[in-house]
Amino acid sequence: MFTHTRKLQYNAKPDRPDPLMARRLQEALGGQWGETTGMMSYLSQGWSSTGDEKYKDLLLDTGTEEIGHVEMISTMIGYLLEDAPISDADVAGDPLKAATLSGMDPEHALVHGLNAGLTNPNGAAWNAGYVTSSGNLVADMRFNVVRESQARLQVSRLYNMTEDKGIRDMLKFLLARETQHQLQFMKAQEELEEKYGVIVPGDMGDIEHSEFAHTIMSFSDGTGSKAFEGQVAKDGHKFAYQEHPEAMGGVPEVKPADKRLKNNQG
Amino acid sequence: MFTHTRKLQYNAKPDRPDPLMARRLQEALGGQWGETTGMMSYLSQGWSSTGDEKYKDLLLDTGTEEIGHVEMISTMIGYLLEDAPISDADVAGDPLKAATLSGMDPEHALVHGLNAGLTNPNGAAWNAGYVTSSGNLVADMRFNVVRESQARLQVSRLYNMTEDKGIRDMLKFLLARETQHQLQFMKAQEELEEKYGVIVPGDMGDIEHSEFAHTIMSFSDGTGSKAFEGQVAKDGHKFAYQEHPEAMGGVPEVKPADKRLKNNQG
Amino acid sequence: MFTHTRKLQYNAKPDRPDPLMARRLQEALGGQWGETTGMMSYLSQGWSSTGDEKYKDLLLDTGTEEIGHVEMISTMIGYLLEDAPISDADVAGDPLKAATLSGMDPEHALVHGLNAGLTNPNGAAWNAGYVTSSGNLVADMRFNVVRESQARLQVSRLYNMTEDKGIRDMLKFLLARETQHQLQFMKAQEELEEKYGVIVPGDMGDIEHSEFAHTIMSFSDGTGSKAFEGQVAKDGHKFAYQEHPEAMGGVPEVKPADKRLKNNQG
Amino acid sequence: MFTHTRKLQYNAKPDRPDPLMARRLQEALGGQWGETTGMMSYLSQGWSSTGDEKYKDLLLDTGTEEIGHVEMISTMIGYLLEDAPISDADVAGDPLKAATLSGMDPEHALVHGLNAGLTNPNGAAWNAGYVTSSGNLVADMRFNVVRESQARLQVSRLYNMTEDKGIRDMLKFLLARETQHQLQFMKAQEELEEKYGVIVPGDMGDIEHSEFAHTIMSFSDGTGSKAFEGQVAKDGHKFAYQEHPEAMGGVPEVKPADKRLKNNQG
Amino acid sequence: MFTHTRKLQYNAKPDRPDPLMARRLQEALGGQWGETTGMMSYLSQGWSSTGDEKYKDLLLDTGTEEIGHVEMISTMIGYLLEDAPISDADVAGDPLKAATLSGMDPEHALVHGLNAGLTNPNGAAWNAGYVTSSGNLVADMRFNVVRESQARLQVSRLYNMTEDKGIRDMLKFLLARETQHQLQFMKAQEELEEKYGVIVPGDMGDIEHSEFAHTIMSFSDGTGSKAFEGQVAKDGHKFAYQEHPEAMGGVPEVKPADKRLKNNQG
Amino acid sequence: MFTHTRKLQYNAKPDRPDPLMARRLQEALGGQWGETTGMMSYLSQGWSSTGDEKYKDLLLDTGTEEIGHVEMISTMIGYLLEDAPISDADVAGDPLKAATLSGMDPEHALVHGLNAGLTNPNGAAWNAGYVTSSGNLVADMRFNVVRESQARLQVSRLYNMTEDKGIRDMLKFLLARETQHQLQFMKAQEELEEKYGVIVPGDMGDIEHSEFAHTIMSFSDGTGSKAFEGQVAKDGHKFAYQEHPEAMGGVPEVKPADKRLKNNQG
């Protein structure tokens, strides 16, 4: 069960409106790697967790924090849309203002009354195909590190797309939290790898066709990846390199389907 | 530019048809973490690469291999659908056969003439929201490790969902390749982290509000995550733990929007 | 069965082309609350209807009218795209024209040859996730009122985004029809509520845990919603207010999953 | 900013596992009208709110409660999937068990390790196209009433699809909360209608072509909707009825597009 | 503008309910190549048409007919869902009935109250990504032939999936109309090809690098396509065959991106 | 199995960067009819093929070539994004540059580090709903002709949207290959039609209600389509014309659903 305070976790107020930054910030709200993806992934993983409370709580703590980040970015977008132009009349004759109107998300005004939507900057609705919750914590902790890495990369880029001190203040806070989140999930990942093995999942090594498990196969004519040859992999084995990998599987011959399906294959 | 041999990279022939396994294997073909996601992510990253050939070629080699995995799984699904029932008449009176017909993907027969579709087992069309290509190789190598981890986890589960020797033979090969791919992308990740830093991206540490960068904030009343307190993070700092994180941001007050938008907020 | 006249239900011709308004009008065509959503929802509800002809016909009448509104807006978009710029050469050196080209939907020219697409202004394809047809007419009449409310709100905003007399003439007609449609669906809703009860569905009141059915629970620290306390709800009961709602459900403890799934939970 | 307790708002434990009910409950989690839609809609509306605290807090209170409902249903699905069959071997020879395996969501085991996903029962990923936050509170309160109506309808149907006492206990609680939420949003709607008018938005009545604002137009040959003729609409006017509505708009004639677009229209 | 008669274009009543056929028929309603795709494609093309009335009217006639096909299939699905089981209690102990419940679309009961939804048999919402309206009638007439071909193929398969005389009666009618629609669009296509050329679009032949316009390039090691060598193409030229196509484009070298984007490419 | 050369099939280098053309070219990469759709459709059809090697190899040859086209366009987009502006500061005060920034895809910089994404110009993720692989080669060859027609139409339009010699050089090559692909698939289509009949599928003519198979029914009041009357269809029959098609199906009467579903129909 959750409770909410009207106060934000951190400042989310720009120095001045900027509807183009409002559009860009939608990435952090409703994009593939935005805060909503973090929120729903960590909470789902936390609710699914059946093991050590250390990891379960870490997931629930962080997932709950992320709802507050969704809130901060929604708020910031609202501020940035204050006084935005909404019609040609508002910009008439002024080419810089006309460019602003052209660069805005038209749904910010038309659909949301100058508020945030749950989309990316191109207006694509956020969807749960971005979320991961597999039941396997090694795999999911790795996913979480990626979520925080891609998100922090995007926040860094957003930082360089504006000079506004207020926006940058919020982004500096998010950068720091994403540092923390990268580090915490890496730590959890390492501990879980120690217990279950560095390969996910860790107990199929005897089952797999292991003769193919340490060979870089070169399917492209660049030779750069030969540089891995002889390097030691994280599981202690050395990488081999196969320049011309063999097609071992033969030519397939599936039966024609039931005539009732009318495949008419020639 | 690409060329193709009709021969498969490895065997992809089951001992006998099994339309329910055909449906399950769609996850490996058109699911969030299936081979198509690997193929399109690695190729996109490879084409975008502007740095060391070692990484560019690794991506292009592996992306090209994955097209062959898409091919193997499509082929396997075709074999598994041989002789599948397509109507109530085919199963009439036999409850086990009726259950098979009910558990099949009805589009396998109706839309694809008993062949694979580019969907997951629930018939959701594969979409590029699953793909990642960010331009930042540290972040993307981490993503690639996740792709191979989630994929290998699913292949392991698929292995346990059938006793068919032919299917298992193919899955054992995929398991091994996914071991290799996990290891190679981890190795690349480590080398790139050494160059650019363990946090993605590595050069924002002086910019972020660093006082928030090493603290686990407890937003849930479980106390499990306190166990991280004092542990050493991958960047050498120790984690602090904040039991009651403060709301530092105040209550937001965005201006009402332009009256022309008719927000009627009460 | 349907028939069609080439004549439009009402005028749909602008005074002059305006490709930015063409883009905005896509909301009314292919957006979440646009005419296509009305058309498909009302027709589906009408076809599903098994009760009083009064409601069935109302739905089929209105659904059929909406096809004509889809037609009007498609036509208007076609007019608005006449003579639109399609290349940098068409706008070269003129920053106002350049802004126009930048603000257009690039697919209007490239995909549709300067005609409407079935998308919203951000190019998101209309999808049936916007449609509602539940089988329960009380719930669906309420949905229909919302459809007409959100649509009329957007038409009002569109009205304020242009000075073009021709566009405004069409919008004034749509405003009036959306007034009518709001009123008619409200009337149907009221009649159906009288028959089935004000809560949807109306016959579960004895089954629900009614001690929780008239209490505003405060999960946020704002105290504004306390103002509902003691007010009379539409079913005649008074609202209570619970400042600190209890977590009554205990801490869940789901069993770890079958080992074959390799959850590796730590 | 949000905080979380590990305790659930209410009981969410079934008497026994039932993987088919697990699949059905996905509707309440990740379907068009499920709890996630409520959560994201009310929170977005609350964060966008710039008016009376009474409504802003109501939205934030309820949106926060809904996160807890998402949690309850995710938890319930986890319980219901305990001991579920995952392979043909688990059900072999038993047609009732085979039917269970066929009726399950195959991704529950394969993708989520027997936990909930953020999808509907057909595996369609939840997406933000289900969310509404328009900036206009009259319209949005109406939407919220619909959300609670459709959700309660589905919960009522779920109640009739199982005899399990534990599931029913949770559903009885949700029914009650959905009664409360219907009532509170209706109350807010009524108050806002009093202030802004019963038509959304309320100040375009002088602008619309009002001669078309109170006429049911019959586009279908059923005559049922004639029964509205003369009834008094919520704004005090009477409904007229037009049996053969005129096509007033003429036949459109858009210009052929620029030859560079190669429309080749015949 | 459209009008509607309550009478169906043709019979759409099964001899007896069959909820599995109801699910399958969703393909014809809301699948990629179903009636909705026909309806929206032909109407869009008709509204966009600026040329010969012969084609414009053909498109509008057929698009309008398709709305009636959507209506017939929705109606048929409603009939087929009569008396369908909705809970385990309805099927308890009967494995054939249990298989039926497992094979049904669970949303038919839960979301639509035993009526059709606007989805395919796997519950994927219909979306406008299936629609084509390009402005070029040669290309679009070809698309229309494909729409009718894929649709008729699926109807043929549906025919073989049931013995029900009532369903088959409706399918026989649809088969005939799809014959007509294939033929009419082929005729239009041929006439338009005569005017504009057999290649779409017809006036770029002098611009293209024509030395690559009549050569089958063999990128796979099968040699079957060599059989086209020397055959006469529809434009009168003969096909050449290139066994080992050259990579003419060199190795690309894009510049590293602006450092502010932090690509960290290694 | 596939192999790759780093060399491109043909030149893909513009004379100078142009981020607006980069956005437009996304249509050819990730749009409904772009190269990815060709690649996945032809490969799927090829892998599904069980008939004459002539067609199977044609599909696999062409599908493999298309991967190389995806590569060329991705590469071209990368070149076009070199030196693109990423922030307001980069364009400040210059209205033409401001228009450029406004017209760019903001995700090119923010998500992909100035590289291509797998989307269309409006940022909609490519999805497998664009792909067709039906098992019936007559239908699918027709689809393939459409794919090449729509793609070539778009390439022609792209050609007219730029003066850049480098872009045009690549487009001229693609135009030629799309000529070849149209011709080869038409040839295959013709041969298959000869074998299986001109209607898809060819053996249902005796089953369909043939009295409706050669009549243009006029559902719109335009009379243009009467011009087909008496023309000879491709199967040798003449088209009839029915001015006022009859509604033959009666008014449907589906039973009200089970009371447990609470349809409350009035």
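Some notes on this structure:
The first chain written gets the first letter, and so on, giving A, B, C, D, E and F; residue counts start at 1 in each chain.
Rule of thumb we're sticking to: contacts are C-beta pairs under 8 Å (C-beta built on N, C-alpha and C of every residue); 3 or more make two chains touch, one makes a residue touch a chain.
In UniProt terms, the chains line up like this: A, B, C, D, E, F = Manganese catalase family protein.
What you are looking at is a predicted structure, and each value in this text was computed from that prediction instead of being measured.
Ranked by separation of Cα centres from chain C, the top chain is B. Each chain gets a centre from the mean of its Cα atoms; for chain B and chain F, those two points are 27 Å apart. Mean C-alpha positions place chain D and chain F at a centre distance of 33 Å.
Distance between chain centres (mean CA atoms), chain E to chain F: 12 Å.
Shown for chain D are the residues that touch two or more other chains, namely 1-9, 32, 47-48, 52, 54-55, 60-61, 64-65, 68, 75, 78, 86-87, 95, 98-99, 102-103, 109, 111, 113-115, 119, 122-125, 127, 129, 134-136, 138, 153, 156-157, 160, 200-201, 219-220, 222, 245, 247, 249, 254-255, 257, 260-263.
Taken pairwise by the contact criterion, the protein chains are fully connected, each one touching every other. Within the complex formed with chain C, the chain B residues making contact are 153, 156-157, 160, 260-262.
Across the complex, chain E is touched by residues 1-7, 47-52, 54-55, 86-89, 93, 95, 98-99, 101-103, 105-107, 109-111, 113, 119, 122-125, 135-138, 188, 191-192, 195-196, 200-203 of chain B.
Interface residues of chain F, counted against chain E in their complex, comprise 5-13, 32-33, 52-58, 60-62, 64-65, 68, 72, 75, 78-79, 81-83, 86-87, 109, 113-115, 124, 127, 129-130, 132, 134, 136, 138-139, 142-143, 145-146, 148-150, 152-153, 156, 159, 172-173, 175-177, 179-180, 182-184, 186-187, 190, 198-201, 204-205, 207-220, 222-225, 227-228, 231, 233-235, 237, 239, 245, 247-252, 254-255, 257-258, 260-263. On chain C, the positions that touch chain A within their shared complex are 18, 20, 23-24, 27, 31-32, 95-96, 98-100, 102-103, 120-124, 154, 157-158, 160-163, 219-222, 245, 247, 249, 254-257, 261-266. By the touch criterion stated above, chain D contacts chain A in their complex at residues 1-9, 30, 40, 43-44, 47-48, 60-61, 63-65, 67-68, 70-71, 74-75, 78, 111-119, 125-129, 131, 133-136.
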